[in-house]
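Here the structure is laid out as structure tokens; the discussion comes afterwards.
To keep things simple, chains are lettered A, B, C, D and E as they appear, and every chain counts its residues starting from 1.
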Amino acid sequence: MVSAIVFTPLFAALILLFLPKDDEEGARRLAFGASLLTFVISLGLLAKFDSGTADFQFVERLTWIEDFRIQYHVGVDGISLFLVLLTTFLMPLVLLASWGDVHKRVKEYLFFFLLLETGMVGTFVALDLFLFYVFWEVMLIPMYFLIGVWGGPRRIYAALKFLIYTMVGSLLMLVAILYLAYQHNAQHQNVTFDLLQLYNLTLSLTEQKWLFAAFALSFAIKVPLFPFHTWLPDAHVEAPTGGSVILAGVLLKMGTYGFLRFAIPLFPEAAHAAVPIIMALAVIGIVYGALVAMVQPDLKKLVAYSSVSHLGFVVLGLFAFNVQGIEGAVYQMLNHGLSTGALFLLVGMIYERRHTRLISEYGGLWKQVPLYASIFLVVMLSSIGLPGLNGFVGEFLILLGTFKANPWAGALAVSGVVLGAVYMLWMYQRVIFGPIKNEENAKLVDLSPREVAIFVPLLALMLFMGLYPQPLLTRMEKSVEATLKRVNVLRQASPEQSRRAQYERFPNRPPLDSPVILSSSKDDTELKH
Amino acid sequence: MDHVTFFSLALPLIVVAAMVILHPNPVYSALFLVLTLFLLAVYFLFLDAHMVAALQIIVYAGAIMVLFLFVIMLLNVQSNPQEHQRKGLRTAATIGGALLVAELFLLLRRAPNGAGQSPLPEGYGTVVAMSERLFTDFLLPFEVTSVLLLVAVVGAVVLAKRHI
Amino acid sequence: MVPINYHLILSGILFTIGVMGVLLRRNTIIIFMAVELMLNAVNLSFVALARQLGSMDGQVIVFFVMAVAAAEAAVGLAIILSVFRNRETVNADELNLMRW
Amino acid sequence: MEHAHAIVPTVVHTVSYLRFIVLFPLLGVLFNIFLGQRLGRKAVNYVAPGVVLLSFLFSFVAFLRLPQDGALVDTVWPWITSGSFHVDFALRVDPLSAMMSLVVTGVGFLIHVYSTGYMAHDEDVARYFAYLNLFTAAMLLLVLGENLLILFVGWEGVGLCSYLLIGFWYTDDEKASAGKKAFIVNRIGDAGFLLGLFLLFWSLGAKGVWTLSFSEIQAHASALSVETVTAICLLLFVGATGKSAQIPLYVWLPDAMAGPTPVSALIHAATMVTAGVYMIARLHFLYSMSTTALAVVAIVGAATALFAATIAVVQTDIKKVLAYSTVSQLGYMFLGLGVGAYTASVFHLMTHAFFKALLFLGAGSVIHGMSDEQDIRKMGGLKNKMPTTYGTFLVACLAIAGFPGLSGFFSKDLILEEAFVSEHGSWLLWLVGTVGAGMTAFYMFRLLFVTFWGETRASPEVAHHIHESPVSMTCPLVVLAVLSLVGGYFTLLHFLSPIFGEPHEPHVPFLIRYDTTLASLIGIGLAYQMYVRDPDMAERFGRQFSGLHQLLANKYYVDELYDAVIVRPVVAASNWLWQVWDTLVIDGTVNGAAQTMDASGLLLRLWQTGNVQNYALSFLIGAVAILGYYLW
Amino acid sequence: MITLPPVNWLSLLPGLILTVTGMLVLFWDLWMKDEERPLLAWLGLTGLVLTAVVSFGLLGRSESAFNGMLALDSYGLFFNLIFCLAAGMTLLMSVHYLETVDIRPGEYYALILFATVGMVLMAAGTDLIVIFLGLETMSMAVYVLAGIWRQRLQSNEAALKYFLLGAFASGFFLYGVALVYGATGSVQLGKIAAHVSEHGSSPLLLIGVALLIVGFGFKVAAAPFHAWTPDVYEGAPTTVTAFMAVGVKAAAFAAFVRVFLHTLGPIHEQWWRILWILAALTMTVGNVTALVQNNLKRMLAYSSIAHAGYLLVAMVAGKDLGGAALMYYLVAYGLMTLGAFSVVLAVGRKGEPNEEFSDYAGLGFRYPALGMAMTLFMLSLTGVPPLVGFTGKFYIFSAAVKAGYVWLAVIGVLNSVISAYYYIRVVVNMYMYEGEKVPDLLSARPALAAAIILAAIGTVVIGVFPSASIALARVSFLSLG
């Protein structure tokens, strides 16, 4: 089933190549249909997923390159499940949106999008580091083309920056992957790229630090973590709408997913050692992204910088190393995918109509396009984490977890919540409220049924995830706990800590002692049950 | 070869070889090269390489160098007035050459210097000994040489023939 | 008897002279002649070493080197000729159509 | 093992009808969004207030069924479970929340009705009622929330509605800005609230109690150390200062008057702004543990009460006067909370809801009648033209001024008494409160006299149109006037005792017993002297103390101060971060790396001179280097 | 009386077929009409295919012939396949190309075949003299090929530069052979190996090794012996450039690896540092200089230098995985480089070579197949998975990491990033700029089209399913012993 999700888009992409050159409508339908089919198949995963285990499910294993014992090994757990779903869910919407925003070289556009989907899904399901790397890189190329060919005026610069920047990180990661594989060879007399086997490596702290650095750099660039973020605004601004949506919605998650799946569990001690640095960068990213977003004159840039801020939250949650933080982070990945994806769609739709993204060009849109404005409102509220919508659950859990891990980081990060409201509301006010200053805006047409159809599932999901997060949280619980266990088992627990851990298993018993809460709870990571 | 012979051959060799590259006139250079080859032939004689010495004179000095002289004459190239202009290169080359010779000197000095060589077999260096090696162990290279020469011929023809 | 090093060092000196010739002279024919000088220096090594080792191999190799030298001479001079035909020069400095 | 389980004072009765209290307004929202525009104004006018009425009825049912010493809890669904963190989407009715929900739905219903008249000429009425219904739902969630997180959901929800409603007339940039300002200032408070919540959760968690449920918190609060509780309380109080417009986060409320007047009445007077008071009352057991926290609350409350009152004295915009008055009255409530007089404070909350809603609606009626004029200097002499409005307004003024016998008198008096006698109080707090009370009476009657008495100062065209408002508007006025009159006799003291404990009869010194009466009479008298008997006097004073007048008229320049100290520097810093740091430094480094590569390429290219001898030289250098390696 | 040694014909067979084919080409050319001359290409191709088939069939043998002068082992045979690929593709590319330029097909094809003979000897030779003669045979042919377009000044100049420096390098190489001979008493690899493993290194041997590195370094175009490459590649006819970039480099590496990894393997400690530095330098110089090129052919020349650097990394990594990695990478490199040159040819037309980057503007969308093929080659050269270039790099860096040369691998991957920039520039030009260059239709040049398709298929298929070729490379390398 997993393979079907991975390769259906690829298959469709290949068929697309053989369609007659000028059959745009047919190509669009084919691509849309294929992505819809992929989504339907991926729903099967959701249906059959067993939330009672932390093991990988729907596992498929085939020998691929005998000499290196490289396998085609895929599967999902509670973490990747939702990221796969996010990808397959966003893809049809993006393709639906392309009816409006892409009119040249449609076939190629769709081809690259389908290719991209294969790469993205593959990245999330790969359990062999080699396979992961292959998908990770494969995904770059279509994105590169999408930005470079269908992008804005500075598209070539932006695309190249995106590509080179990402490559710097990922190739260093390749070396680290190789090192791991051969370290396994040295320790267990066989070379392997299998993630689950590599989890069993014992590495010295120094080794871990180097390897973690290599992985972390790659992921940090992808996230992007401050100060590796400058490719993002450029890429977003220049990318076509669909590209931006996928870039923000899915691609950035690869970084955080990479941290969670690879960098942290493979090198738990190094990860612990890196917590201060990464948390500091994440907090800086949150505040910095928000501040810079606030003063952007360009809508897309604003949303791009807001991504820097939001992803800072995600990283923060991951490195809290507790259930709340990580679950919140995973949840927030999905939220960000939905809300920022929707924001980019909104920006794209208004851009199609007015061909400008400058905030100053707009104003008073509610009068003219109330439907658009209302949807924008909900999406914006989701983005700033209003309770009742999806954004809140993730943000809240992250902050909760972070506060446990490091109250000061938590306190600083909370300021991001405030700033998030500042830049979003200010932008919204300048675009939607006020009198119509520009005559052009008076001629705007409200959303078409097709466009509304794109948002209906998005808004529904935002509401659902805000009100009833439990189905998702339950499914990710076991996987998150397993990850945490990996992170914490390898650390030497001090007697005091283990006593507390024991206590926490029986929450109704009174505590054995009353330690000063803030100081001693700092590096304590609790595990439920 | 004793020291006297060695030095009385080596020093002229070095001088003559140096003249090859120092003399401004290409014709003289070529002639100095011929001289070098002769001296080397003599040198080879002292090293019991009779056949090689003969070939050196017949093939090298005789055939190859004539070809060189022929081309020099044909192209009628005179000494180049700009010969001495590239000072940087000259300095660098001189330093490089000095380093190279110094390194070779220092390294080769360390080479195992058993003066008393292994006793020479019967007929060492003669035509017989030479051809025996040539048609047994070195049969393959010998045959390969034919391909090499064929290539050279074809190549020379392709490039030098006026109108093909 | 002269130790083998003497021969080798002499060979080294001659080789270096050849190398210097390649670097110092502008005339491609003379450069080529300097290369021949290098080959001869190597031949000297071969012969001296063969004598030292008491094996004929070194001398046989010299034979092959001569064959190669002859072939090189044929091809090399042909190339110089064809350049001269087009450009009326054999000056190495003027061979700079392609660079950077 | 000193951890002691406090006895949970309430018996929980699980019910499943509380959810409807919140659900009805939400259905109203959906109706207004999807059908409102299509079905027309009439349908909206019935449905929107109707759903609130239904909520009121359900609240009333809950109130009636409230067991003597227990609470009703409706767990709708488990909301978030993550590790040891678990929160239900649950609602709870106990005396406190029952009272609150009655006030919210009751006053809310009246204001909905009033709005049908007030908004009769606005084309966007469906959107208006959607917001208003949403607000009601959120507010109900806030007061009915069974745990701190649900309270926070409502807390944020009302903030959102406030934002939307303040900026309801979005085409006016200033109004939209006011909405934004409200939301952002509230968010600052919310940040503190969240931190307090986290600290509370983890501190209790460290004691093995993983909960945010109020009753559970109450049961285990004693396990916490005083320092922790102080920190928690202060952080939560930051949230309260935001929502309830206390120093230093009160600045949004005066601006919030940009919204339609009924909105000001409902949100910015009667209900939402009291959320902070409610929250502290809800968590009074925590605050009681920390003297420090209580002191801070009391001082901030008292300071705000006086501070806002001084500003209100010179404002000329009818709604601004009322806004500052609200800030001031909220200060009283916090003063009450801070001195441990929770019941009194909540009592004042209720009476304030009545009379302040009435004041705003009255002001709305005036504005409506004056063709949207808000400057009291252009009014005057309205008492004959708008008799109902005048009558009810007078009642409200008397109530807020603390005129004996009216609702405001009882609650305010109680607070001031407690401020004097409570173990947490002091004479200074009392003094500030009493002076503030006098000023309240003064500025309210200044408002009354200037607006309704004397000669009209309106332009002839406006004056010509002045008319009494329609029944849909005056009817709520009358109801509220009645409530303001008699509200003081609702015996909350006993009703709330399951929450705050049995009230004690304070021993109050003789003078203090009549402080409120005196202050209000002096204030009213002064106003009468200055604005009725000697109308020039105010102007004389203004000229004589022009510096002070300027200072007050400009609200102590606090907005300007915030602008200069916070807003501008942040924006400037952001611009700097973007244009210098981000673009030049970081991106410059990135591009610089690329350019360095390019430059290296150009440099290395020089190697390729095209000269064969240079190539041979590089070749020689390589050979020499390699030989050198072996030599070395 | 001299008795001729027994001749192992089987071991000679690949070289022999090629030699005979070459001579047939020469003879047939004598009485052939001009318009029939393309047939010579097909004759040559037949010979090459035959050689490849024979080589493939012989895989697995392990014999030593001519008293240890020549080996018949999988190693050499594997390289034969690469040579045949290079030469065969070159012939395919040449058929139509020769019609647009003034080059005599007869000698041209014959020289390519003879050069291939030299390569075969280099790969199979187990004697330094055989290797030297093979090298000279190949070089001599290639010198001439480089200058075979006599009317073109660049072609002349390339030939002369190549020749002078080549002869110069031969001098160094030969000197190295002489000193190795002096140090070990033999020029046969087997005997040298025996001597080295018994006695270890000696000063004389090390000078010899150093000079051999210099000599090989020249042929594989390793910095700082690479300087000739861009000029010669640019000046030579494009088909010859492709042949040089792949065939000559592969042959040089074939001998290089056999001599160093096998024969001198026991004294790996004595030379790996030199190659380490050469590798790092070569990659960096190649890639960085390629960044600023505007001519595609010249860019590819620098790129070939860079790839020599990657190959050197494999050599440093040494026996365990390095050798096999190098062999696999050569296949990969061959496919993508030949493909790239084919596209360069396809974009050019008579009298209008269209070799500048700007000439590629907009080609991608106007000629989708051509664009896609070029994109594949460029991405593969960059090392983007799952194309063959990536798998090859993966193999090489694996070897380096496994052998403990992590930093070299790091330098390697960073270089890959740099290389992305200029390879992608081609793609950028093809897809992201508008242009109006109109190349001759590919359908009119079926042989060239076949070459492109072949390379493209190879690039994808061998990249995605590398198992078989990796296994083959490994087994072949192990046959060295």
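Convention: a residue touches a chain if its C-beta (ideal position, glycine included) is under 8 Å from a C-beta of that chain, and two chains touch if they have at least 3 such contacts.
Fair warning: this is a prediction, and the values are worked out from it, not measured in the lab.
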| item | value |
| --- | --- |
| Lowest number of touching-chain links that must be crossed from chain B to chain D | 1 |
| Chain closest to the assembly centre - both centres taken as Cα means | A |
| Distance-maximising chain from chain A - centres being C-alpha averages | B |
| Most distant chain from chain C, judged by the mean position of its C-alpha atoms | D |
| Between C-E and A-E, the pair joined by more C-beta contacts | C-E |
| Interchain centroid distance [CA atoms averaged], chain A/chain C, Å | 65 |
| Centroid distance [mean C-alpha coordinates] between chain B and chain A, Å | 71 |
| Averaged-CA centre spacing for the pair chain C and chain B, given as whole angstrom | 6 |
| Between chain A and chain D, centroid-to-centroid distance (C-alpha), Å | 36 |
| Chain B: positions in contact with at least two other chains | 86, 89, 93, 96-97, 100, 104, 107-108, 111-112, 132, 137-138, 141, 145, 148, 151-152, 155, 157-159 |
| Residue list for chain E, restricted to those that touch at least two other chains | 129, 133, 136, 140, 143-144, 147, 150, 159-161, 164, 168, 182, 203, 206-207, 230-231, 421 |
| Multi-partner residues of chain A (each touching 2 or more other chains) | 164 |
| All touching chain pairs, where touch follows the definition stated at the start | A-D, A-E, B-C, B-D, B-E, C-D, C-E, D-E |
| Chain C-facing residues of chain B, complex | 1-3, 5-6, 10, 13-14, 17-18, 20-21, 26, 29-30, 33, 36-37, 40, 43-44, 47-49, 51-52, 55-56, 59-60, 63-64, 67-68, 71-72, 74-75, 77, 79-80, 82-83, 86, 89-90, 93-94, 96-97, 100-101, 104-105, 108-109, 111-121, 124-125, 129-130, 132-134, 137-138, 141-142, 145, 148-149, 151-153, 155-160 |
| Chain B partner contacts - residues on chain C that touch it in the complex | 1-10, 12-21, 23-27, 29-30, 32-34, 36-37, 40, 43-44, 47-48, 50-54, 56-57, 59-60, 62-64, 66-75, 77-82, 84, 90-91, 93 |
| Touch list for chain D against partner chain C, complex | 605-606, 608-613, 616-617, 620 |
| Chain D-facing residues of chain B, complex | 86, 89, 92-93, 96-97, 99-100, 103-104, 106-107 |
| Partner chain E, residues of chain C touching it in the complex | 4, 8, 11, 15, 18-19, 22, 28, 31-32, 35, 38-39, 41-42, 45-46, 49, 52-53, 55, 57-58, 61, 64-65, 68, 71-72, 75-76, 78-80, 82-83, 85-87, 92, 95, 97-99 |
